[in-house]
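You will see two complexes here that share chain A, one where it goes with chain B and one where it goes with chain C.
Our next item is the complex of A and B:
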């Protein structure tokens, strides 16, 4: 598998499409009689639609009808060479977005989620290692029960469930089955298999029979689905690749989820699931069309927010604290506002205005609320809670590094830290990791904070051979930001002495935050690092060495597109590399290998059986 | 009283093992001479917990130690940084001189120490352990039949501060505020063991069957995934089973607990990390935890006071404890870092408070502390140089009479996993050896074992 070429030429990709079309037609004929499977015929679509039609108005977002997806009554997947390539625990925001897309405002989630794990610069990579501990699952259980209760007690209950509270026997069974099929598909991001549907209907039936209450049955069935690993984990399923005997590719629903969790930080919508069912996502043009549609959706903002929340290590906000005597203006409201400011700025710049990524380091535009205006020491005249603001030229504010977010997150509770800021800047924006200091390093020459400026104290690090290798890299960038204290407030003096913000990195000399911003906006590693992180974030693993050539091409394409984020998504997500399976350790995937029956998982049509 | 509970009914509960607490009343006639066990040998429950604080204690090449007692064996003196446990020394053993042997692995600063103590081997990298942390083995041994197999608590450091893991990668999420801990222990699902009007909630049977159904239906998934995903799914199913067990326990009438007094919901202190707030938070958490143990909600816990790179600080000062350990020069007259040592004393003050809360609850003729073992340790020895030598370890509590407490055991560089093994054997985990490579040991510290 590892020896297989990463690229597929456009020609073979196109030829593949023809074969797929033929197979789909053939499959439709074969399946229709035997299983009632695969082919999303008009009849089966209408079947699900009948039960769920009323959900659309109260449920999912505008214009998306959960009933539009094809029938769920697929035959079990019979190919014994399929396997699940990865289980990724849903992140907190992904969980919230799945529920929000299903129930909109009808359901509130009040819970604590288990922390993520960061690896190689991204939680999206560390995430694949995470499971769910007992206390974590207790929280999920509590949320699941709360969601189910909110659904059956909501004023839009009938619309959310699909029928009234006390239907006749047959109507009750039909309604419950339709509810389980429709909501199950939204939760599992794929149609449920027949045994799955039976299992959840049995849960409903048992609870209803024992309590005599239809809604209690619905509640228990919904809880069962919400507690299933198929919901709590993103299951990435691989199937034999018809174009490459012995090799594997992701199945269509996995591709749909991979796309939607990257671009929307949430589940596929009905149209995307339909495209998966129709085999369009294994087709070059079909895939491109879906990516284009998704890039144009307002949900793209969620995806961009989630990506930068991960890349910029915003989990540090969870434990951010400042000394109240040193920084009396700090409060939880400041922390929350700062986070929102940075995300609004990035979304506006990269999505709404579709601007050059490199300007993120030089732009004087931002968004403020009244709380932040006090920290930035600028007047706030707007009557709205948030308003656009452009800093004066002499404010020294220049892009994302001079926002309260970066400046306060990467400082100590009672002081700034040029070293921490420099290390994080390199890690986050340049993909340059700084090794840990030697365990037995002698810091004792670093003097107390009460005297002079931090520059003088750090000189020792930079002149000590054991320390200088790293500090020569990390500290200058941080020293250029020293006109901003540990909260991000502007200052010119430290302990009564004038702060020197000149810096020299790699032979380039500049001064202050604006100089640093200009330096970074012209630095080739800055866009290259973004490409690398978006790629790793999208595929959910560290970029492999055999992908470096591909990465270089994607970096070129990014430059060619004027460093536009949307173009970068387009490049990465429509490339065959994004669809290539790397079998996990313990799953042999060579020709002729067999795996356990994946009877729990249905196949999409257009697959390669 | 005697009409509701006779000796036989209490002992029947005790022998059955599950859901046992001290009967009401634990009449002296039932107990053996020293109050540590029932007359017919059914022991009072033993609890186990780890207690972690960051940044070690002060021990300098020039100035000597601020924590290691000069006296070895019984009757050791209270050293400056251990002054907070002075009054409980007879219930605390101090271990000095034990170390982590890297076996060629790097010193992952502020991680290697406790990762080796808990995981049995120096870890390859940060936030990963070689295997399960040993507290989970204790939880499996002692926690059967408990509502919670274990409870994890962090007084500072947030949700990533806990070190307990079943697979070396996913770590338990601790309760970080008194309100969170209160809700876990005494919120929904808690049954007052002393409620005379207890009746089982019939809806729980149905809820449990739903969870069992998921487990049965989804177990088929495990056979078709890669190895690391199998481990993840195993963990998930273990968690699912734990919640089922919690529901099962809610269907059983809880054994009465004399010492159990359901506390009122506490107020949180905010997220400041000044040392006074962290210590106040720690004390409130300890009080709730002690009552959770007394009310029989769990028998195993992991308590984190401060994480390895502790950012606690003295209010109004600019530097954090972690910064100070590295930056503060050694005072040439004193021979040690005075501010670092002051902070170490303040941090250990919280441990004194913690033990006071355990000591305050009466059980049988003794206290809760007598019926538990707390293994307290840090990530490092001398924090200034991230030393993995002479990492301070304390064993507190009687372990139900098995721990010969009140001693100072001084080692000359033996693997610290000997203490992990000793702790496990003291609370009855059937384990003959612990650790891997150079950290592997089959020799517990028998001097402290009765």
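Our next item is the complex of A and C:
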């Protein structure tokens, strides 16, 4: 086999073409990097490259669907109408979790990853548009080599690889093949196809032959798998739906990956792959059983953390700075602790205690460490690194909006910002977007920090009619949080003047953070927005107009379940909509196959402001 | 709307109350963020300049070549020993040999009494900081504001012109280096004050406790010690001090001397014993605490700390001959405790303290402390003393540091000059070095 065109049996269409090119490029770089494919003297290597290419395409050869057993080889796309509906680049946490699930503590990853892209409020939507840059490829290659080296040099090497370092020839081939099949399945979240296995074994064999070292071969094979697009991207494969002639459905392994990356932010475990192989995920009861099992798993914490890290835009922590003269207590330790506090709080509230989502705006419970306790100015009553804490009622703390995370992330380096806080609150928790300010706005009045309170400064600023429309919406909520400075520390005065935290939104008047928390906990947009974000996060795309009615029903179900997060996952992940294939633009849809809709978001149902 | 001051103050009080301030019994807590010997710097500029305390400025660096020659070394030997850049030099040789300049080349660090007293210029000014320990208003220093007389601080009078201790607040060599250690987390000292009355600012029955903690101080973004951090009391068999006091307009003052207290010392002595201890600490509006803790400290232990920190290094860094320090302390000592048979084993001393507001918890961290009491009964047995610990850490014996192979290349009879280098060569090298420095 020569350098056969990658994906040659796949249907080519516009949206995927760029990715296909990128995959060819990636494989070419990998091939050249490992073996110097350009050299005419490496004929075998060309075969290896072709093997890699074919494993990626997996469409040229005929074969059975691998539904019989989890270790059967994989052979999708034998039907000419099969296609890949989406490629989603693994996020950093997903990459790390895949490796952690495979090798536990044996492998450490010290590397930078390419930034994510946020689209329509979520990185989970943006990452289906992400490719890999040249420098990103270098980083992945560096990480892959590091992982492979750690595996073969680890104390538990034999267990990680499956045999000793110097097996006999046949045993070596058997061990390498078993390693590639086993680890490959973990990496690709599906069994490898026969050409894929053949290709990676060829990589192992060539490296081992050239160096005379079994482990070098293993290293090269593992690097090749780690550099494969089928590892770096979540490839969502669609296959003809036998129940609906002409329509498509996700293949079972895609469903398994969808479930595991939503609920666990990581790869499917063996049981889930087994369920996929057995066809249980295409069965309503089987799917529900797996979802239940996954909801009961400790790994659910990872999934919830990943979702809220995305929803609450925690990537802003990466660039968070504060003026040390204004906020001397701010440090990287504070930033890291704040992020952890919010995630611990959400996991505890929504998963461990399975409480009402709306209470995240009113709860005075949280988790602190010694660093955060100093920022909140409360004693840290524990000898452990973290402990549960309940704020006093007169602390004015009220849920997630009064945690250091929200208050510091959405402020300026040297001051609080009712506007920024209000805009982000609407965006994150109400799914209401605020347009960017016009380019010629005069901010001088509002930025005169030495003058009075920010409320007065904003009123001056809003004398500009071009600004007032948006500020009327965004600012009241932010002004209610003004008893907390730009780091989240409690205060009553600004420049010696009493801070007024009264607010009026949509005809409702309240005061302070606790008033705001009560207002939000009763606001119908709050749970509606969460439903929409969990749905979009799960399906990895913006909600389509034809899904509005469905979302309304899911919102009702969420309410009916007492606004419990686990119930929401259950509702969304077991609904046929979660399994509905929406091919990229340009791909003809069969009956029952819905086209992706990139129209603007719907207004979350359930009232406005 | 600008608030009138009274209203703003009222709000501040409300805010304080909301965050757990006074009740009928009150407790306030702090962590020491800086403490150093209370030495008034009488100059208006610099750190060694002449001033009212030391009209000639900080005592100058001794002529070490002259010191060695006076001790019987030849000039060639002295030049060799004082040439740190010589390529043939064994690193510790020169420094260790500095010890052997007493009578019969005795180790002057261990036996300072066997060396001639080189003398040490003390403070001649009249202004000083500290407390009136002996109740005699006619002796001692006058406070900076001129309102208090009889301040007993013989330690300042004796050591106040020495570079080791002299300088503006927070800038003397000793203060900087030892407080840096503390602020980097080596140790933490907590202060707890509690009273029985309704008004913490004016209470006749107040107790003040000083405690150890293993929780580290934390620096803020400006390098200052951050306020509002939590510290657990670490019961310690030695480092605990409890003093009886009262508050007058927010100033905590001792009602009677405490016979003996122990603290971690911000000096090479590492341990501070104070006899007849008294304090005067001001609770400030911003929640911090500042003031003086004073008493009589054993001067030989302080001297020993410098020897254990490697005598010759201390001498060179701080510009003093240790025998001079020993003799000055001996001359300046002004207190003889019971059992000392009249010998002045202690010298009046004052420690200037700055502390930040902190939360102080019981040893198990379960709750805030609510009063001052002893935790010594909960302390583990004493390990080696701190000075022994540090001495071992630096591998110092009798003020000397062995080479890595354990050998001390110095002594009364140690060969001084290497055979391959002549005095002329050394002199030429030193001259060239001096020219280069110009």
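The definition used in the following text is that the second predicted complex is superposed on the first by the 501 of 609 C-alpha atoms of A that agree within 3 Å, B and C clash if a C-alpha of one lies under 4 Å from a C-alpha of the other, contacts with A are read in each partner's own complex, and residues count from 1 in each chain.
The rule is short, and it goes like this: a contact is a pair of C-beta atoms (placed from the backbone, for glycine too) under 8 Å apart; a residue touches a chain by one contact, two chains touch by 3 or more.
What you see is a predicted model; the values in this text were computed from it and never measured.
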Which of chain B and chain C A:371 touches, first, second, both or neither: second
First, second, both or neither for A:114, with chain B first and chain C second: first
Touching partner for A:199 - first (chain B), second (chain C), both, neither: first
Touched partner set for A:135, first chain B, second chain C, both or neither: first
Larger contact residue set on chain A - chain B or chain C: B
Which of chain B and chain C A:154 touches, first, second, both or neither: neither
First, second, both or neither for A:324, with chain B first and chain C second: both
Shared chain A surface residues [contacts with chain B and with chain C]: 324-325
Residue numbers on chain A that touch chain B, as the complex places them: 82-87, 112, 114-115, 117, 128-139, 141-142, 195-196, 199, 202-203, 206-207, 210-211, 220, 223-224, 227-230, 232-233, 315, 318-319, 321, 323-326, 332, 412-415, 436-437, 439-446, 448-449, 583-587, 595-600
Of all residues in chain A, those that touch chain C in their complex: 322, 324-325, 327-331, 370-371, 373-375, 377-383, 392, 394-395, 490, 492-493, 496-498
Chain B residues touching chain A - in the complex, by the definition given at the top: 107-109, 127, 148-150, 152, 157-160, 166-167, 169-173, 175, 180, 184, 188, 206-207, 209-211, 213-214, 217-218, 220-221, 223-233, 235-236, 238-240, 242-243, 246, 271-274, 311, 313, 315-320, 323, 326-330, 384-387
Chain C residues within the chain A interface of the complex: 1-3, 8, 11-12, 14-15, 18-19, 215, 218, 220-222, 224, 226-230, 232, 359, 361, 364-368
